[in-house]
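Right, I'll just put the structure down here and ask away after.
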Amino acid sequence: MQTVTTVAILGASGYAGQETLDRALSHPELEVVAMGSDSLAGSSASALDVRLNGSLPGFVENDEAAAAGADLIFLCLGNERAASFEPPPGAVVVDLSGAHRLHETELYAQWYGFEHPRPAAVASWSYALPELWPPAGPLVANPGCYATAAILALAPLREAIDPASVVVDAKSGVSGAGRELKASSHAGFVLENVSPYRVGTHQHAPEIAQALGFPVCFVPHLLPVRRGLLVTCYVQPSGPDLRVLLGEAYAGSHVVRVLPEGVSPELGRVQHTDFAELALFDDPATRRAVVVCALDNLGKGAAGQAMQNANLVLGHDETLGLRLAGVLV
Amino acid sequence: MQTVTTVAILGASGYAGQETLDRALSHPELEVVAMGSDSLAGSSASALDVRLNGSLPGFVENDEAAAAGADLIFLCLGNERAASFEPPPGAVVVDLSGAHRLHETELYAQWYGFEHPRPAAVASWSYALPELWPPAGPLVANPGCYATAAILALAPLREAIDPASVVVDAKSGVSGAGRELKASSHAGFVLENVSPYRVGTHQHAPEIAQALGFPVCFVPHLLPVRRGLLVTCYVQPSGPDLRVLLGEAYAGSHVVRVLPEGVSPELGRVQHTDFAELALFDDPATRRAVVVCALDNLGKGAAGQAMQNANLVLGHDETLGLRLAGVLV
Amino acid sequence: MQTVTTVAILGASGYAGQETLDRALSHPELEVVAMGSDSLAGSSASALDVRLNGSLPGFVENDEAAAAGADLIFLCLGNERAASFEPPPGAVVVDLSGAHRLHETELYAQWYGFEHPRPAAVASWSYALPELWPPAGPLVANPGCYATAAILALAPLREAIDPASVVVDAKSGVSGAGRELKASSHAGFVLENVSPYRVGTHQHAPEIAQALGFPVCFVPHLLPVRRGLLVTCYVQPSGPDLRVLLGEAYAGSHVVRVLPEGVSPELGRVQHTDFAELALFDDPATRRAVVVCALDNLGKGAAGQAMQNANLVLGHDETLGLRLAGVLV
Amino acid sequence: MQTVTTVAILGASGYAGQETLDRALSHPELEVVAMGSDSLAGSSASALDVRLNGSLPGFVENDEAAAAGADLIFLCLGNERAASFEPPPGAVVVDLSGAHRLHETELYAQWYGFEHPRPAAVASWSYALPELWPPAGPLVANPGCYATAAILALAPLREAIDPASVVVDAKSGVSGAGRELKASSHAGFVLENVSPYRVGTHQHAPEIAQALGFPVCFVPHLLPVRRGLLVTCYVQPSGPDLRVLLGEAYAGSHVVRVLPEGVSPELGRVQHTDFAELALFDDPATRRAVVVCALDNLGKGAAGQAMQNANLVLGHDETLGLRLAGVLV
């Protein structure tokens, strides 16, 4: 007999929360029972989006949503807030923040700007990128958007490239910076502009380094695009055929697609989906290989992957609730 | 007594031609006497822009414009067309195409897709990037837009970096591809998209290699931006302080500006200007340096630099006619 | 016993064709058996989109696709081409072009630029906008994108407004102009721009006039947006409460939504969906009412509505295959 | 003997202030002696833009800038702040806010949300739109951006149209809303979106009504564009030829241009300039005329017009310092 899984979303009114809610509503086995939001607590669901109607619960404080007894909790909170979250016993929790990603918890001070309040607890969470490392338990640290793209592109090639050669040039749409109001998200700054930011200090750099086993030079740029990102990874091959390795890594995936030779990944093609796409190019002049990955930062880079991880923990088909239906979006 | 320099613009109806015309019209010592255009020959100037009025000559065939006896000719033609151009004796000619940039003329077949029709003539043209290599004579090969940015960023550092380490990740607005109609310039493709193109085969790669003395891994990307470009260059330092070298190279320039530490170049800030801006960042984790250059592909990357070169050949102040007035654009 | 409906799409490689294909692939009761395309005939499906795989038939000539014996044919051809199409006996045909919309067939010369080749046949087609006028038979003339929005906004109010007062100011993304390459679709023209076009001569004007029973002043504008449109309709109320009329017209609809008072339609909210949203505002200073409708020109304005119409003819739930799942896109 | 005019800019770090500063720096007869800013007081000029260097004074408090004894003061403050400003004796003051535009000062409560603190003083200010009503004294109320466009389009036609018929549908880039951080200026809202706002309540409506002598139905929309606006005005002609009236009104202007028949105004063409362009279209089906005006909201819609007004008061050529040089931008 099928029983429905109840869901609470904390931080449901941010971009990641809203996208997680969207997937939960499309998921045949989930029922949203609590939505937490500091800014919208006390409001009905339609305060977030006029299309959300009376069948949904209204917004409550995040603490109240956490205590609602849901089987499955999505944490879409800020990093520091999520770091002090205590998982209710028995619940499956998928944390979309960075609070449980770095095993060396002393790194939080440098890269996240706060001392981790519960360092001993981090080991209970598994860093889960389904195609490479499925969740190992009910507490899941969902990878960062840039990190997902860089790791999908590079992890299968680890043994076949020179670690010291790796450069990751990343470009993201503005939703990557969240719904919070800041000068760098003002459309007067974003439109007809592109610029690098947080060079050498972005918190996804140590996450990528942890996953690959070596540091990479990672530089993110902000694009005049609503959502989606693309990373261009430069590597010096040192061993087996990279195309074969990449193809093998994702041969069975319904989510990650290696494109045929000569076809470029396009941010626009993965936008509004939970797909990721990868391509490999050669630069004969410098004997480098270039691996490019495109995905939607709110899809495979956040809510899509969070739902994929939740499905794996719960024993569902990993694509339930994901935006993969049809082929065009 | 001041005598006016007469100007002919060939290919005046393309983006580079139109921008060159704009600067020529702002230049106190130049008079436009002929405008060539295959598509607009026979039309009045207002066919190109409704703001251009009766004081300008109408469009004629490019051959007729070339034969108009102008003192100064700007070639804004396609590469192959420009390659077969025979400069009239005595004229100053600035070629904005790639037809006279590569000294090893046998490279044209591979990178430009045609055998150079006048290979022996290429040596008469000087590749001129004013801040580094001013024109050596009346025939000027104006650098490519991406190449200008990459060379401004890297040439001053040549002796202080490991050549094998250099990666140039470039991002350009759509005007870089010209006014010609093609699928990749259709707004339905460009908007909310970004993708790499011509990986390992772009014709600015050998131009950069020639200028630096070694090949670099160069990957261009198309942005949903009208004009402007930004290159992010990754290098392994091997010698003297890069910041000092960069500062010295452009200390006296009115066109190229090295930004203070911590300030990022922004495509939006140089858009519609003839400025270029540069910044240097460190990535402690990989001990790499990142040099970023932003410029307008139609400004310092084409028409602005062409006018700067023309001014230098003619003995004018190099900034006459350039878009540098005021500070904000 | 459920039997599958076979589908042929003519003009499958244009925007409307591709979107129709997307919905057909999501539709549980449809099977695509033929895809016609002049430009891609002979290519596999992946030539259109790399995500389309071997389970789909390759592209054939449009005539061949028409003759494939499909139960349901979507005509996504140009207007003139569609006008000479002869429906195979027994087939359901939904024409997304304008070829069968105008009952006064002599209007085609003026508004579409060609004499209708089969004027007597037009009467066999029913102009079907499901919420107002469901299909009356197997041959369906699917409304135009702008016309759909203007009619949804105005048709329910016909008896309660002064016909002479009506102004329809329309704004559309670039996909409304199709995938064809033209100067006005070049991203160098579209980005950071907006301008009116075809003032007084757009072919959706007579279509709106036919539906409402009186002419309206209709001016379309091109936006720097990939897809989606918004119409702002200005009317002088003359009778019953407009809000009540509008609410009643769409009370039961799963596709068209009247927003609560004070909430503005947003192109971005309906983009990539098959929803339309409507809102009514008052302008006390002039005692006018303003009715605004937003929809995706390729969704409710083309392929979504075409599928809705096909479902109604075939007796399916009208939302099968439509992009209405979830609430957020 | 030429004496330089000293200038103070209050609110210099907002969009309008920054653009005014840009024009003042290009103006041969002006010298900027004080820049006021609440947010940047105490910082050097480069805090606003890295290109501003040491020859400029640093930012001070707005009150201090007001007291600096400048000959010419530009008020780029918020509406309420500007309303309580007391002009220093002898100074020329151009107020870019709405604080001195409405002669019926009791309207401020309704349209601006505050009681005017100095209602008796408003009569000392002249509402100056140079092509129609040049400044009448040293205190100038500079028109609003939307109002400028609507008035340029409609004022010359006042006697030849039915006042009750007038509809003004306006579309603006995001800089129209200022640099302040708000949800509707967040790029995640602005990109790939368009929506109407403040229908029936925008403060430029009474300003237009005052200038024309009758109310119009005015609806503004927000575009995914950095700067620039376009208004589409619908009118019922009732008298003399509108094209003649429009042509006569701007026959001698260097700033406002009536386009030839059949040419559409384009926001992109006036962006970054101080030009305005106008065109007239007929809609035969409804016998309406459509007058379209495009201008840059920060140029002719704010700083450009402010400088034009200042020039007129000071007896300079009205185009000094304006962005009209060259023909292309």
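By letter and in written order, the chains are A, B, C and D; residue numbering begins at 1 in each of them.
By definition in this document, a contact is a pair of C-beta atoms (placed from the backbone, for glycine too) under 8 Å apart; a residue touches a chain by one contact, two chains touch by 3 or more.
These figures come from a predicted structure and were not determined experimentally.
Student: Could you name all chains that are in contact with chain B and with chain D at the same time?
Tutor: A, C
Student: Which chain's C-alpha centroid is most distant from that of chain B?
Tutor: C
Student: Using the average of all C-alpha atoms in each chain as its centre, how far is it in Å between chain A and chain C?
Tutor: Centre-to-centre distance between chain A and chain C: 36 Å.
Student: Please work out the Cα centroid separation of chain C and chain D, and write it as a whole number of Å.
Tutor: Computed from C-alpha means, the inter-chain centre distance equals 39 Å.
Student: Based only on mean CA positions, could you tell me how far chain A sits from chain D in angstrom?
Tutor: Comparing mean C-alpha positions, chain D is 44 Å from chain A.
Student: Give me the residue numbers in chain D that touch at least two other chains, ranges are fine.
Tutor: 173, 189, 191-192, 224-226, 268
Student: Mind pulling up the chain D residues that touch chain B in the complex?
Tutor: By the definition above, chain D touches chain B via 18-19, 21-23, 25-26, 46, 49-52, 191-192, 226, 257, 259-260, 263, 268-269, 272, 275, 277, 323, 325-329.
Student: Which residues of chain C touch chain D once you look at their complex with the stated criterion?
Tutor: Residues of chain C touching chain D: 164-165, 167, 169, 171, 173, 189, 191-197, 199-200, 205, 209, 215-219, 221, 223-226, 228, 230, 232, 234, 264-268, 271, 281-286, 288, 290, 292, 294.
Student: For the complex, give me every residue of chain D touching chain A.
Tutor: For this pair, the touching residues of chain D are 15, 173-175, 179, 181-183, 185-192, 224-227.
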